[in-house]
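In the part that follows, the structures are each spelled out as structure tokens.
In the two complexes below, chain A is the common chain; its partner is chain B in one and chain C in the other.
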Partner chain A sequence: MSLNLSPSSSAKRKGEIFLLYTFSALGALVLSALIVEAVGANWSDVWNALLDGSFRKPGRWGRTLGSAVPMAMVAVGTIISTKVGLINIGQEGQMLVGAAFAAYMGAHVPGPGPLVIFIVIISGFVGGAFWSGLAGALRYWRNVPEVLTTLLLVTVAANFVGYGLKNTWLLLDPDAAVGNRTQVSQQLDPDSRLPRIDIFGNNFSISVIISLLLIALTFWLLSQTIVGFRLDVVGQNQKVGRRFGISEVRQGFAAMCASGGFAGLAGALMLASGDFAKFRLVPGFTVNLGWTGLLVALVAREKVLAVIPVALVFAGLRTGSSFLAATGVERRVTDVVQGLLVLALLVPPAVLFIRDRRRKLAQVESRT
Partner chain B sequence: MGFLEAIWDVMSTESAYTAATRFAAVLVFAAVGEWVAERSGTLNISVEAMILAGAFAGAMGYDWTGNVVVGILLGMGAGLIVSFVQAQMSHRLTADQFVVGLTLNILFLGVTSFLYAEWKPSSRVASKLEIPLLSDIPLIGKALFGQAWPFLLLYLLVPFAWWLVYRTRWGLEVRAVGENPQAADVSGIDVNKRRRESIYFAGICSGMGGAYLLLGQVGRFDDGIVAGRGFIALVAVIFGGWTLRGTIFGCLLFGSVLSFRLTLPGLGYELNNELMSSLPFLVTIVAMAAFAHKVRPPGSLARPFVRGLK
Partner chain C sequence: MNELSISSIDGGSVYTGPPPAVTAEKLSKTYGYVKACDEVDIELFRGEIHGILGENGAGKSTLMKMLIGLVLPDGGGVKVDGELVTIRDPLDASELGIGMVHQHFSLVEALTVWENVALGDNSKLDRNKTRERVADLSLQYGLDVDPDDRVEDLPVGMRQRVELLKCLRKDPSVLILDEPTSVLTPEESEQLFASLRRVVEEENRAVALVSHRLSEVLLATDRITIMRNGAVIERCWTKDTDAHSLARGMVGRDVEVGFKEVKQSRKDSSKVLSAHPGENVEGSEKKFVLELSNVVTSSSSGVRELDGFSLGIKAGEIFGLAGVEGNGQSALVEVLSGLRTVSSGSVFLQAKEVPHNNFGRLAENGVAVIPEDRHDSGVVLGMSVAENLLFSNLEEGYKHGLLNKSRRDKRARELIEKFEINCTGPEAPLWSLSGGNQQRVVLARETSDKPVVLIASQPTRGLDVGAIEYMTGQLQELAKSGVGVLLISSELDEIFSLADRIGVIFRGKLAASMNREDANRESLGLLMGRGEV
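What follows is the complex of A and B.
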């Protein structure tokens, strides 16, 4: 699919890409600034508050890392399924199911701490993979579009986990059930939680390290090994895949499971690291991190390593938003900024695609 | 005692019908628009955002003027704005329609909840209008002809959509574009333009639905007001096999299932709330899996059209 362009024009093209991205991102930021001004606040105050809240003030960047981990994991999973040309948009649900599996295992499996942690995290992966696997199976077995099933299963997951949190034989903490009618799962034992690290007053769990390792592993698998190559072939051209003896069904189903698995893993890591909800599963546990992770993947566009900076920026927006109260701007403004950024960053690739297409057509026409 | 008795109890209670049509009405507003968009080949998942924007604009309009009509008009305008972004991004630029739709859903959740927190519009439910004679029909009279007056817009919208799609040149072109864009293109139809226009129609309908949801039922805005209704509307179109009749049947079915959460406990029946809320989704998934090869979707549903590319 490469264009036959001379070296000078490829440098020009790189410049074009750079300019397009810069202008789009700037456009989104300017629009956000205008919205902030429109409600009578000062955009530079907001900017400073966001920076303070996300990493300048003591202890803040540890928190930012804590939110960045689940986003990054969800995004990595999404990239895997995009590679084979599947669209998985149900990460929020897969994450919740993963967290539910993890919470169940954490409460019911006896054993030494480290082993339990390991089982908790693995069962998170299994839970997420199961939930997206349903969509994958329907896609290949009954030809049901996976976009719809993954999306619909989000609500189903929320309802089922809600049901589980009302019943002690599933997830509800028996102690909490006696006292009041809150829906919480049993807290993870202190020795089956992920250890936390403290650097310069910034406290974060080792899930940060786990996720970095997983990102590196996925990057290697996708770009350097036959595993990634197979996914690529299926995603690019299924006829070629068939010639190579690569089964579309097998690759697609596996990618779908891996994608949900990473989302489930994100849920399990959230649960085991305790940044959210204090080592317990609660309704709405995933606090929209699944959706945000999906946005991270959309911005990173099939580049696994790009997930890290994008996740950090989005996590920064999230943690920074808690410092906005002093500026008189509602904290939800960061959702607007985030949405606008993603929307703006969808523009450059689309513009480039159309331009390349026009140039190609022009080339063909000039030849005939 | 038993299942049949429960069904009989529900069937013979007037309030059950009223609750069911209330739930179904919003779905119908959105689903009619979504149906047109899907016939043109767009699986438009930003309906959720369109309804939400419509509801918020409805609240703002009512807050400013105290007039329900203004609220509904503003709601339609807000839906149109969302659909404009969706249409331009996915059918002028070639961004993926699901990606755009999803981003819009998240963006407008942020925009409306932010603006609501800043402006705090106050609003209330529009007055009821009972059509004489018709609303006296036992059981279903109040449900169909005794609701808050914006409900009656449905009786205009549904025939209008039918006429538009099946009895105008525009509708024929929309169907052609959804069925076989290559052929439509060759015969001189601007494929992506027709698709954009049908998304605008979806935006207007869904915006109207959002304004009705706010001014006809809930009365006060909050950011969870839509609660997946857009997705259910989208699903109703698929469930209905991409026909208008089927779509409306789907809306009524899902509307009644959702309303059971309210009506059954009132009649003294225990039921599993979580299962009821997920039922429309589960039913649709099962229906899609079971009938996927029997109903035929529009030929190029969810496939972007770029001239010269298959």
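What follows is the complex of A and C.
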């Protein structure tokens, strides 16, 4: 009764995945077209607006790249913690703390521009790692489920950073404090901002290149080194890990810190690239990109390289939707359209996950 | 599929009595690609014990689970007393008079016996009435249990009686027992069979006894159905058959019943290795490669699973540790796997004491383990064969932390060939291998680095006959090459045929140890059952 996975069955599997995505995307498109037409608007207008906004109009794909960077970084971090079997869903908070650390260092550390940029980015990583590290420490010290702590720490982070933005000794810009109107941090000096690249009228910061390098580095670490091997073992069978001296505490805590670190790095890159909020930290700075990053990780299904295209698609939906208002279709309807398209990306991974688990269970059960 | 109808074993005469208590007609169940049951027909008659025999994975348990509604069939139907019925869950089955005693008990340990029996009742709880009923039942069936005992204080054999009482109280017309003797001593098994005999003869109930043990099926049943690969292979009367033909039906080829006798050459070599043959255990401590002295472990609930356990294993011998399950065997294996710390006592490896906080290094220092449940601590199902072969020796695949894939896969291919592991290659995910081949992966990994001692816990459980032959052969080879082997098993046959010395574990202590020549089944059975002769 042994079952062999022949190469043909893995090709078949790829075909199935492709079909799943195709049907799911078609379903979402047809459904949203019906909704748009039903409210009396023109579907092709909506579609064109999405495409124009995400990459067709001049300068738009540069913006899409800028949005994709933080999503991709968050997703890479999420994949690292998932690998070791931990569920980190507090990236939104870790991003914010990372950005706050970055903003503080950017405002207070003197030195030549490139050095400051480096320190800003590193402290973003440290900030995020510190924030997720709290959840990791509670997990291994007191057995508190990390799902809860990471999520709850998002609220703590928002209040913590909000407090910082009201006090000049922490983050509040002394110039802005005079009027006591807005809570913003000091703007990064022009020479401590990430350089920007201009191609065919598309302008984006080198955070795009940094994130591509980090994705490649993570891919290499996870697939080609003992680091990834250890995470895999602990993530899939802690007892086997313990027997051969691979400590789940050490691996798990390190993965948790790295996971938050990437989220914090995403926050720092957002700050230093200036794509968001003009090189300042403001309330609500992270604009839900932490949550979107989680979705990117979910769709990428633990495959680090898959993060790149998935993040681009999600970023495209985001930048494209800013053009929807101009179509005259009511905003609530365009929100539904956007939601359906996101759902189309999320359904296939969920279906695959459930089916894989069922098959594995059946395998195990039939052998006992 | 070889369909034999009941009438054919009756010598052609057509059966005309009352309809069977339960009839399964063409019951089928498929898991994924695996047909666990493929159009199985079975009839359970009143006044009979019906043995359902088959190897692990033959589909016996799935069939029984369909009869009591734990598993819903993909096809086929069930008749009770000739009427077609639908069984959606165990409550339906219970109303139809079908009860089952599961292999794994479902008792609440903190409650007393009568409380456990009353669990699941919907009516008002009447303490005195239930207690009386339990006392009556236990008298009636010779199942001696005190209704006021707490289940956690009872030995396994008694717990099973409680399970049986739970079933019998509902006055079922059909009683199904799934591998009931796997946790019992030989003596307890006999008592169980006597009770079952009473149930069928005096009360005209039907009993289905699911088992993979030839001897007990021959001893306890009237009628036998043999299953293999999800299908019924053969039906026969117990009185018309013998162990050899049953074994042939079970595995589909001729096999030797029981274990092969140990080869003489190995006996000689082990005598050379032990310095003074025939001397008693206490005298030769210097030669122990692994020694445990007064080891105590406590579980989170404070139960001492090992309670002053001492044992020494010599190089080149197989030490067979017999015992009823649940007497501390799993704690022992966990300690030696580095999965659990000891509260007191010492472990010596090659005469050096292992520090208490450093049990994780046991694996590195030559303590190989074949765990009882390989999925639990033996393999990582989601990783590849090559990766699973790597755990004990990471340098074979990683140099300075970097993957050396060609070296890793070369080693994996060598081991796959040497241990005859049937898989598509080093990259095959472990879950795609059959149970026997997964076990070979564990064996290959644990023994390829020249271990000092090998702990084999129930190494042949769940394997088919061919895989058992292979496994026992490997254990003998290893002992011959100088490895000290600790064989933990609840199968006395296995211990008798393989071990040089035999010990019995009882309530966390080594109750006795002796040379094989001095051991006999009766005294071992008594030691297993009550810790003394």
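Here is the rule we use: the second predicted complex is superposed on the first by the 308 of 368 C-alpha atoms of A that agree within 3 Å, B and C clash if a C-alpha of one lies under 4 Å from a C-alpha of the other, contacts with A are read in each partner's own complex, and residues count from 1 in each chain.
One rule holds for everything that comes next: a contact is a pair of C-beta atoms (placed from the backbone, for glycine too) under 8 Å apart; a residue touches a chain by one contact, two chains touch by 3 or more.
Note that the coordinates shown come from a computational prediction; the quantities given were computed from them, not determined experimentally.
When the two complexes are overlaid on their common chain A, residue A:Thr149 makes contact with chain B while staying clear of chain C. When the two complexes are overlaid on their common chain A, residue A:Val333 makes contact with chain B while staying clear of chain C.
When both complexes are overlaid on chain A, the residue A:Asp232 reaches chain C alone and has no touch with chain B.
Once the two complexes are laid over each other on the shared chain, residue contacts for A:Arg243 go to chain C alone; chain B is not touched.
When the two complexes are overlaid on their common chain A, residue A:Ala272 makes contact with neither chain B nor chain C.
Once the two complexes are laid over each other on the shared chain, residue contacts for A:Leu312 go to neither chain B nor chain C.
More chain A residues lie in contact with B than with the other chain of the pair chain B and chain C.
The touching residues of chain A, counted against chain B in their complex, run 35, 39, 87, 89, 138, 141-145, 147-149, 151-153, 155-156, 159-160, 162-163, 166, 291, 294-295, 298, 330, 332-336, 338-340, 342-343, 346-347, 349-351, 353-354, 357, 361. Across the complex, chain C meets chain A through its residues 31-34, 36, 56-57, 229, 337-339, 360-361, 363-364, 369, 375-383, 387, 390-392, 394, 397-398, 401-403, 422-424, 428-429, 431-435, 437, 462. Note for the complex: chain A touches chain C at residues 1-6, 223-227, 229, 232-233, 236-237, 239-240, 242-245, 247, 358-360, 362-368. By the touch rule above, chain B contacts chain A in their complex via residues 43, 45, 85, 89, 93-96, 98-100, 102-104, 106-111, 113-114, 117-118, 228, 231, 234-235, 238, 272, 274-275, 277-278, 281-282, 284-285, 288-290, 292-293, 302, 306, 308-309.
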